[in-house]
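My questions all concern the structure below.
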Amino acid sequence: MTLAEKLALANRILYDQGVVDGFGHVSARCDEASDRFLLARNMAPGLVTPDDILTFDLDGNALDAQGRRVYLERFIHGEIYRARADVQAVVHSHSPSVIPFAATGTPLRPLYHMSGFLGSGSVLFEIRDVAGNTDLLIRDPALGRALAGALGSHSTVLMRGHGSTVVGTSLEQAVYRAIYAETNARLQSQAIALGEVTYLNEQEAAMAAATNDTQLARTWELWARRVIERG
Amino acid sequence: MTLAEKLALANRILYDQGVVDGFGHVSARCDEASDRFLLARNMAPGLVTPDDILTFDLDGNALDAQGRRVYLERFIHGEIYRARADVQAVVHSHSPSVIPFAATGTPLRPLYHMSGFLGSGSVLFEIRDVAGNTDLLIRDPALGRALAGALGSHSTVLMRGHGSTVVGTSLEQAVYRAIYAETNARLQSQAIALGEVTYLNEQEAAMAAATNDTQLARTWELWARRVIERG
Amino acid sequence: MTLAEKLALANRILYDQGVVDGFGHVSARCDEASDRFLLARNMAPGLVTPDDILTFDLDGNALDAQGRRVYLERFIHGEIYRARADVQAVVHSHSPSVIPFAATGTPLRPLYHMSGFLGSGSVLFEIRDVAGNTDLLIRDPALGRALAGALGSHSTVLMRGHGSTVVGTSLEQAVYRAIYAETNARLQSQAIALGEVTYLNEQEAAMAAATNDTQLARTWELWARRVIERG
Amino acid sequence: MTLAEKLALANRILYDQGVVDGFGHVSARCDEASDRFLLARNMAPGLVTPDDILTFDLDGNALDAQGRRVYLERFIHGEIYRARADVQAVVHSHSPSVIPFAATGTPLRPLYHMSGFLGSGSVLFEIRDVAGNTDLLIRDPALGRALAGALGSHSTVLMRGHGSTVVGTSLEQAVYRAIYAETNARLQSQAIALGEVTYLNEQEAAMAAATNDTQLARTWELWARRVIERG
């Protein structure tokens, strides 16, 4: 499977799992060129095929668009790849259960070992602080850099009034994290309503995340099988 | 695709996306005659085909019913088209997550850019104020005019004890807004339970709405594909 | 379509709509004999076919079981038919959103016109008051009579620690009410969390219920089509 | 049907019913050797076939793995079978609605007769108390013994920061309990938000559990039919 084929599959997995709807996107850094990344043309992620995958440089220029429309927010990807040499894949979504956390400035914190990658909690990007009133989109390199700055060395940044961005050291890991960020958000809301929550502490979170990284193939196989069987 | 075919598709999209169930309806103003609109005969929206689409005048008279039963609430559509020259499509639904907002008089407010069309918030129609105790339906022109009056220049009016009505400058936009009004309601409830919510301010909302209007084809294609593939 | 065929369809509709799971049952009074009713043999309602439908007398005796196992709680049906000459169909379920209302003694109240049949609110049956500690099932005629007494002239009785029972003057109406009791419960919980709820008053509820009764064929057609197409 | 075939089916039922996702596992004690149990190789439970079922001794050694990878947490099963002669099947899952209860130390309590097996409430296992900071997994026999100790004679143990484990005297019963523990958790959260909850008392719970045990074939048939028809 080529990286473009795997990225198309990742798009469809994220749609099938409810992380993306008509919007949201996932990219992967090119294996052979660390200053290039793959990202679909402007379209609903659930419909992406390998032929829809374009190559971008880190400034967000498409190298092979041939007139095809590109995502307004491709700068999220380019600027994070520039700032974070360890990152090989990026998921930006409006994952539903995460939106209320972004809107209220409540950090996602790991409720169980599956979301150990959240560590001491997600960070927040408030676009008003850097650009005043906007349409909330990361539509230029400066906003991309500001978002990458807010992300810092974390795995997950919430974007107030918008959504979230999750990164990984592999495409499988970024997809896993995007899916479990959504799940953790849903369960965290329920736990907060029930009473005082005991979150994983930082050491537990780090150890759990390391263990989960040895099991990524298991979930990828399951999720991939679902979308492949459905055509 | 004719407007009747597109409207039949809109009916099925709204059912597939959970905005309408056995009830609710969507109409479109005729391209060639601004004092005419298309609306299905009285039936569950999820089953509507192009042959079920009738033409109405703004008084709610069906011009080609040929004995087929019509919706009791066709006056919602006629009176809004009369009052709002900018409106080309109207969705009336009992979209579930919106009902609790209508029942408590809580305005829908935009939690994220996808629902920028909500602007400074939805308005409320209290039928008791204009007609006392009723079956809550908009079953005559006077009630239709009262509802249109409450809607004013907004995109969304909540109807206490009943549902909501959303308008658009195109069928695609009205469908988009009905779907994201439902989504925003669900997420807004969750956010209110989490803490103090930072909604989009009016300028953010307006800018986000303008951007989203450039992306309507993307979601329409996704939603249409789903219902067409399912037959 | 015979009444047995229609009742089998009602079983599958209630399963498809999430009102019943592996448990719950729906009955219909016989057209030709008001002291007889039809009810499936002991099995999951989602799997019922016309051949699984048995005839019972009001004492809960199966007249044609031929060794087939019957529901422990058939007395719910018999005793309600005995007490309520107007009732032609009964649905007993553990409809999920209704369970928390039964467990907390919170009446279901109509949030919107679709559930006008709830009138001034559901009533509650506390089995402890009549029989002390039990397995909570209506497993004999005396408990059936006590439940029918609690139901009185209402449409809906909640059963603490157990579920609910809904009646109708036709099978279509009872199915409609069971589905919208579940929907109303879900939305009422959400509304209570949002703020002070304006329920339909008794006059609104009665008028809305009367209107809805003229539209029952619309939802029945939609729900039936779904289960028939799925085989 | 062999026990391995039945266990493969149980895996797929638990996935179809939302109790397990890519993780979680179910085991059954061998009929012919009480010191052996069957458990799938390390894989997503929704994909398990009879060929993926391995045999383990109570120390967690696979007797027929032939190089296939095994679950890190097989010690949950072995140590519970060792401690509880009455247990014939064990389900370990991250069943979603249960996670918030584990994270807040809120016991599951029976809201309705379907979950009478919860008795006076679930017990809690806090791994920090026995092992300090860990990745939260039951990855050795000592942790397995500690978990079995926390379970005691109960049916259900919540595991803080992790999930839950449910046991049964048959595979059908353990599957039933795992599914209704999830359902009860979801409904219990909703009930707590509504007001003061009247739970089943211990006698009611015991009587309801005894009755439900006579109906296990009904739900097993329904759940099995669903996954078999879907292939």
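In this document, chain identifiers A, B, C and D correspond to the written order of the chains, with residue numbering beginning at 1 in each.
One rule holds for everything that comes next: a contact is a pair of C-beta atoms (placed from the backbone, for glycine too) under 8 Å apart; a residue touches a chain by one contact, two chains touch by 3 or more.
Since the model is a prediction, treat every value here as computed from it, not as a measurement.
The chains that touch both chain B and chain C are none; no such chain exists.
For the pair chain C and chain D, the fraction of shared interface numbers is less than half, so the two copies use mostly different residues to meet. A rotation of 90° superposes the C-alpha trace of chain A on that of chain D, rounded to the nearest 5. Centroid to centroid, with C-alpha atoms defining each point, chain C and chain D lie 32 Å apart.
Once the centre of each chain is set as its mean CA position, chain B and chain D turn out to be 45 Å apart. Shared interface positions of chain D, i.e. residues touching 2 or more other chains, are given as 193. Taken as a contact graph, the chains are arranged in a single closed ring, with each chain touching exactly two others.
Contact annotation for chain pairs lists A-B, A-D, B-C, C-D, with touch applied as defined. On the chain C side of its complex with chain B, the touching residues are 110-114, 116, 183, 186-188, 190-191, 193-201, 203-204, 207-208, 210-211, 215, 218-219, 221-223, 225. Contact residues on chain A toward chain B in their complex (touch as defined above): 21-23, 42-44, 46-47, 72, 94, 96-97, 99-106, 133-137, 160-163, 189, 192-193.
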